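A single structure is presented below for examination.
Each chain carries a letter (A, B, C, D and E) given by its place in the written order, and its residues are counted from 1.
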Amino acid sequence: MSDLPTTDQHRERDVLLDVRGVRKIYSGHGRTVEAVRDLTFSVGRGELVCIVGPSGAGKTTLLKCIAGLLEPTSGQVVLDGRAVTRPPESMAVVFQEYGRSLYAWKTVEQNVELPLRHKVKDGRRRRELVHEALAAVGLADAHAAYPWQLSGGMQQRVAIARAVAYQPQVLLMDEPFAAVDAQTRADLEDLVRSLWRQLGVTVLFVTHDIDESVYLGQRVLILSSSPTVVMEDLTIDLPGERTQLETRSSRRFAELRHHVYEQIQLAKHRRGSDAPATPPSSAGAPQASRAEAR
Amino acid sequence: MSIDARTARPAPAPVRRARGLPDWSPGVLGLVGFALVLELLPRTGLVAERFFPPFSAMVTALVRAMGTAEFWDATGQTVRAWATGLAIAVALGIGLGLLLGSVEVVRRATASTVEFLRPVPSVALIPLAVLVFGTTSIRSTLLLVVYASFWQILIQVVYGVQDVDPVARETARSYQLGRWARVRHVVWPTALPYVLTGVRLGAAVALILAVTAGLVGIGHGLGWLIGSAQSGNDVPLVYGLVLFTGLLGVLINLLARALERRALPWHSSVRADIGG
Amino acid sequence: DPGSTASGSDGPVPVTVAVIPIVDVAPIYLGEQQGFFEEHGIDLTLEQQSGGAAAVPGVVAGDFQFAFGNVSSVVLAGAQDLPLRMVAEGASSTGDPSTDFGGVVVAADSPITSPADLAGKTVAINNLKNINEITVRAMVEKAGGDPASVKFVELGFPDMPAAIAGGKVDAAQVVEPFLTATTSQGDRLLGDNYTDAVDDLTVAAYFTSEQYLAENADVVDDFRAAIEESLQYAQEHPDEVRAIVPTYTKITAEVAQQIKLPAWPQEINVDSVQAVAELMQKYGITSEAVDVEELLATS
Amino acid sequence: MHRFLRAGRALVLALALPVVLVAAWWSWSAHSGSYYFPPLSTILSTFGSTWFSDRLGADVLPSVTRLVVGYLLAVVLGVGLGVLLGTNRLLRRTAEPVLEFFRAIPPPVLIPVLFLFAGIGDTAKVVVIVSGAVWPVLLNAVEGVRAVDEVLSDTSRSYGITGWARLRHLVLPAASPQIVAGMRQALSISIILMVISEMFASSNGLGFAIIQFQRSFAIPDMWSGIILLGLLGFAFSLLFQLFERRSLRWYHGLRRSQRGD
Amino acid sequence: MSDLPTTDQHRERDVLLDVRGVRKIYSGHGRTVEAVRDLTFSVGRGELVCIVGPSGAGKTTLLKCIAGLLEPTSGQVVLDGRAVTRPPESMAVVFQEYGRSLYAWKTVEQNVELPLRHKVKDGRRRRELVHEALAAVGLADAHAAYPWQLSGGMQQRVAIARAVAYQPQVLLMDEPFAAVDAQTRADLEDLVRSLWRQLGVTVLFVTHDIDESVYLGQRVLILSSSPTVVMEDLTIDLPGERTQLETRSSRRFAELRHHVYEQIQLAKHRRGSDAPATPPSSAGAPQASRAEAR
């Protein structure tokens, strides 16, 4: 593990997103779960960070807190210097429950177009964006279909197209490729990377596929099992130009993926309570600033 | 093998549609059966004919009445009161329902008042209606019609608004859809099935009140015609007119169903019905 | 005073009268046909209502200048200080049980043979606490029965024939055309509550509001005069009455030939109304005695 | 402390509008001078003497009994028939026009027919209540059943959950949000029809009393009756909310689960 | 490709499931899609067959036809000698839309127990089965939760537990591990294999993960892009005893997975119309028998 550098340098960079001591306890209906114990990390502007962790670790919970859809029990999320209390502008989310996030009463095209309405006033330009996005995910011929006429993977791609067409500054994706086949997945991975490089969008990408996390990310955050803390914040020191064939067959890739794999295996059995304490530098902001955001 | 649209149903539904018969044939069959029962009840002596005439006598009396201008005036009045009243009730019910359903504070603040006013019967408002608008003004009838059907629609809309899928709602929120866009593109389509049920409920209640108003002496619609046939002891005509009222109801429902098919092609219930 | 100027001017005064589609109001229809109202400078509009009580709010609100209703309603209103005034006679009992337009009927095979037998029995009437209830009670009392033990149930006249035939009630107080309908089907006329209770009973009257009376005393006078002519005309031309009834009711011409007609004297029998008022107090319908004189429009 | 604040806020919210409305009514009616709109103070002073006497047992109790019986019957009938029609398309197509026919007929004109078949006692009144209150339950049940999620329906079928088990574990719970909406409608309709049914062939009951007051021009008493109706409706709706909270616990949990509270 | 034997021998074995010339056309709402053009294959009793194919190829459609939930437009499915017209007994299905296949009004425990009610009359035994199944998927402590209180991966595991507890003779799984993390996925793969070996259940397993298909299956059916035909029916000649570490690092495994990967890439661009004709031996039954089943 010593040959794998953990990042500290990005803190000096332009920090866009700051997650400070976020904790989330779900309670009600006879069940109280501490989904997230204490998450602290930050993401620089234009970074692509992958998040991996065991099922039920709280990845979705974390993403919802960042998206301003869920209020943390304590701690706070700061985006661009401002505490997040409601969904911030220019952020797109691809939900894990892609099926339910599509509107059954709208066609594929309308689903993709809807969020654009208040952003892109020019109808022609909007339709262009929609068409491009749908073509990019391989659904050029499903415009007029309703979501429930599509296969699972196709539905998921509609949700991705919607986020892509929106041209957000921050893109949160919650296992966005879970339902597509290997080839499509590879294509979509490249799509995300090219979007990220071209548009400078900041991406948080939750995945269960370890190869994917290493292939895609500049950093991989490994979460522990619930109650959750950040187990490791791993910098992926692969070259910026990546291709499916070359990158994946490189030695460094194999090392990194092996490392992540081991960590995940560990994570499954290690909980927040017995994880190593996070270094002070990445610890939460002082109590005062936490309180003021609530 | 030819492609038959019917075999493309999502699943072999519990009841196979009788092939070759048009959609409406079972419904007509039901009505014919019902007419037969009406004809046979007095004919077999189960009820005395002079209190409950056979179907054919009702129809004869109705057809006779249909020859008079008075009948069509009355029908016109009732239908006008019904349509206007329902339109007002639907507009109010949907508007306030969306407001109540989507703004928690408003809902809580009005809950007790709504629950208090809802069970107050329209008929108890008759003196009020008469006093404010008089017995001849259509507005008296409208007051009763609107008051009765408004609550039905309101409650349906409130329940419908609550039915929005949380993931769908969050999607809309995260994409920065404004309140109006959320209502229009997310809340409204979700609530629509409830709303349509509410409109169907409200439509029938509106018709009932439009007729009942006449029965208690407000306006000169069908109810008034029924009332005067009653006091004239013209039993076949009474039932002939009741029959006519019921048929109006059937017609209204046909309209509502057509509306549903147009408005909800994506809804699973309609999907299963249309097949495909 | 706008009312007096209106009647003082040359044009006819528009007047709306609430009536019920029953035989009893035939005179006003006849009078309109004969032009009696026109002669008195009244432009008459007749509004059909479902019942006399339903017209009261309309009269109070000024929608109707006059309305036709039974006298007990007016007495009741008087007891509640509702500002109503009786203007003219509406319809009266004929004073002869064999020709009167109302009565109590029982099924042909009923064991009830005298009004006294009604004690403890169920009697259908069209409105509770109204003229029919008190006159039936009085009839039972006169025959020696206990008026308090009669059970009254409210039922529309149209529903009474079926209720008697089905044994749902023991007796029913009916008026025309249901009296003819029941008796011709074999039901037995037990007695005439109107003649039994009070002599020459004024059953119904035309009434107006205190306010209208105060502001348009001359119109009221004109109306009264026209009504009185109409009543007389109706009383003298029963055939014309029978001919006009099917035009404003759903009573067929055939039935209209058979029904019994009420009496249409020209004056309200104030004594009979006072008797009604006293009976109402006696049977606990009003808590205090009502002075009928005060309810008359003596302008 | 926090909890007290929250409860206090809820109380203020619940009471504010009624208080404002009552105050408005009070001040407006004090000077209305209209015979039909007596001062609220008069109405309230009549309230006690009118209802807290033997009327409670003589009129209110019979009414409430008929109401409860009629309502429950309407619910059972509405759900039963609704599930039947919702699951069976042919049956629905056949029966719908006839049902719509009955739905459109005003209860007052049905009443004479009811007298013919059900007599003039309590049975007829309960039938009147059922005949009106059954529709919202029925319609909502039909629509709720028709809208059962396909994936869930497929799941049940593939696991051989059919017939009675399907009804109990899939159809009824899935349709329950809509059925409950219908039941809520039916409750206030039941109260309205209780009044209407007592307008005919009656000799006691709350509706009967109100109509009598109206006819005998006892206007303050009539208003006090209307207020009592409202109070009754309010009380029943509170009971209903308890029921709803229990039976739709999962549903409200599900709908709120991601609102962040 | 010549070194990879395509199976013919299993046809001589005890055939449980016979898919004969199945074709499915969806039409309605202004869209007509030939989801499946012509699928013909058979599965022996006790076999474990994986199905892979591009997103939208018709895998879910096929599974629904086999489960008797969907009527093919033409062709037929024969199970145990009888044409399938409605859901056969003793078959369990794990749906791709796991979230929607759980009863929101029942707790996790009740969800798993429900199908067992009419199968296992003994309440104690039933509860035992439920507990075992939930423990096997790592949800021993979520008994009392409602599905909507669980993370996506947890929900999917509830659906799996339900199928496992049901002890079916035929198990159809539609991308059952799409939402779980790598470690859990490996555990669940081993669970399926051990169930299959112990209970002799016949398994049809749809997956997008090529490694998974090779690791799990005795055969892998590769479907073409829509309109769909069977592109290849590949026998996985790995030893019966498989372990995550050893098997996956074997040379033969790598060869096989590489082959499948190539085929999938081909599949994405090749449609049923230009796929190689299936050999006569596996073609559909004569027309007569097709017709009689409809």
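Operating definition for what follows: a residue touches a chain if its C-beta (ideal position, glycine included) is under 8 Å from a C-beta of that chain, and two chains touch if they have at least 3 such contacts.
What you see is a predicted model, and the numbers here were worked out from it, not measured in a lab.
Student: Considering only chains that satisfy the touch condition with chain B, which of them also satisfy it with chain E?
Tutor: Chains touching both chain B and chain E: A, D.
Student: More C-beta contacts across D-E or across B-D?
Tutor: B-D
Student: From the C-alpha centre of chain A to that of chain E, how far is it in Å?
Tutor: From the centre of chain A to the centre of chain E is 30 Å.
Student: From the C-alpha centre of chain A to that of chain C, how far is it in Å?
Tutor: Distance between chain centres, rounded to whole Å: 84 Å.
Student: Which whole number of Å gives the spacing of the CA centres of chain C and chain D?
Tutor: Here the centre of chain D sits 39 Å away from the centre of chain C.
Student: Can you tell me which residues of chain A touch two or more of the remaining chains?
Tutor: Residues 29, 64, 69, 97, 100, 146.
Student: Could you say which residues in chain D touch two or more other chains, in rising order?
Tutor: In chain D, the residues touching two or more other chains are 36, 112, 116, 149, 154, 157, 219, 253-254, 257-258.
Student: So which stretches of chain B touch two or more other chains?
Tutor: 10-11, 51, 127, 131, 167, 170, 215, 230, 238, 266-268, 271
Student: Of all residues in chain E, which touch chain D in the complex?
Tutor: Contact set of chain E toward chain D: 64, 67-69, 86-87, 89, 91-93, 95, 97, 100-106, 114-115, 117-119, 146, 148-149, 162, 166.
Student: Of all residues in chain C, which touch chain D in the complex?
Tutor: Its residues touching chain D are 53, 56-57, 60, 73, 76-77, 79-80, 82-83, 124, 127-130, 151-156, 158-159, 162-163, 166, 168-169, 285.
Student: Which of the residues in chain D come into contact with chain A in the complex?
Tutor: Residues 249, 253, 258, 260-261.
Student: Touching chain C in the complex: which residues of chain B?
Tutor: 48, 50-51, 126-127, 130-131, 134-136, 215-217, 220, 224, 227-235, 237-238
Student: Applying the document's contact rule, which stretches of chain A touch chain D when the two form their complex?
Tutor: Listed in rising order, the residues of chain A that touch chain D are 28-29, 64, 69-71.
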